[in-house]
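Worksheet: one structure, shown below.
Letters A, B, C, D, E and F mark the chains in the order given here, with residues in each chain numbered from 1 onward.
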């Protein structure tokens, strides 16, 4: 796998949130490496409320980590 | 996507809670960008106890992060 | 929405726990603002073991935050 | 409700664990105050693997809080 | 119940992980004390992907606590 | 079981993420030690959106611990 997570540092909370979304997706890729299968699954969960909420939960967990790594962007102005 | 998360700082715990609710929703938007589909899903989960509780869990996870970022609003009076 | 979360400070762990229960419920109110719908859902989840356990999980997550905010009530006697 | 959570301090990790179990149960009592209903639900979830695992998750979350409150019982010998 | 959790200290991360697995199981024993019932449930969840993943989640939560208690085994070499 | 977790230290966030994936899988191995059964379960959950998301959640929880253990790789450049 190529370099996709060189650092947890981001310039802003929003970029940190986008990183968290990416981090949530990579675990799925590592468990289901077949892009074709993932493409078939996407519409299923993207139209399913439970799956969307569960995805949002994973993002929230990763965002907590990214936020701590960035000291909550306290120094940013 | 426009700027929606410039900072994790809020004046009060309640504003922090409202930010957490917003953060929970954005992940859903990023996974299901089609507003029409989301509009169809909303009544489904808003009348489903399990989905409501799961949503509340995502909010709780984000709130933990926002609260830490604000040092639990200890300096506020 | 009226002021419902002015502070995370509570006098005792038990009051902190009660605050966590309240925090778990508010997210549900914000997703399903119709009190009538919520009243119809309550008996459904209050008699469903899975929903009760999931609710208890949300309370546990909020309690962790409230406890940290109160420095675990270490100074209380 | 009577005093049931005067402190998060316990003498040992095991007592902390037992407190976490208690904390997981109280949220259920607060959502379903009717002891008779709870008595009917108990055999349902106590013989259901998913419910048992979910209960164990709630205990794990509360234990994390109790352990932090006790500074992980580092001073105990 | 006999002494089963005298300390959260372990010599290595791997022993900490094994302790986390044990901690995940004890909550199940406390909710379903009947060993015979648990023996009947085991094959059910051990052959069910969802239950296995949920169990792994509980272990992850306990491991976070054990790791913090051991200061992430930073002093070990 | 052989030594599989000698340390939580990794050189980069990405290696930390890979370690988190491994940590998520080991709990499943410990609950279902039969490799043949696990091989039969893999295609089931690898083609099921809910299971994939739940797996990603476990990885997120372990990654939080690994990231803290590495002080978020702040010293790395």
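FYI, contacts are C-beta pairs under 8 Å (C-beta built on N, C-alpha and C of every residue); 3 or more make two chains touch, one makes a residue touch a chain.
Treat the numbers as computed from the prediction; the structure is a model and nothing was measured.
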Label-sorted list of chains bordering both chain C and chain D is none
By label, the chains that touch chain A as well as chain F are none
In the contact graph of chains, the distance from chain B to chain D in steps is 2
Rounded to the nearest 5 degrees, the rotation mapping the CA atoms of chain E onto those of chain F is 60
In terms of mean CA position, the chain most removed from chain B is E
For the copies chain B and chain C, the interface residues, called same if over half of the numbers are used by both and different if under half, are different
In whole angstrom, the CA-centroid distance of chain C from chain E equals 27
Cα centroid separation, chain A vs chain D, in Å, comes to 31
Rounded to the nearest Å, the gap separating the Cα centres of chain A and chain B is 15
Residues in chain A with touches to at least two other chains are numbered 45, 48, 50, 54-55, 57, 61, 64, 68
Contact graph of the chains (line, ring, star, complete, other): ring
So, starting at chain A and moving first to chain F, the ring lists as A, F, E, D, C, B
As the complex stands, chain B meets chain A at residues 1, 3-8, 23-28, 30-32, 37, 41, 44-45, 48, 50-51, 54-55, 57-58, 61-62, 64-65, 68-69
In the complex, chain E touches chain F at residues 12-14, 17, 21, 45-50, 52-57, 59-61, 63-64, 67-68, 72-74, 76
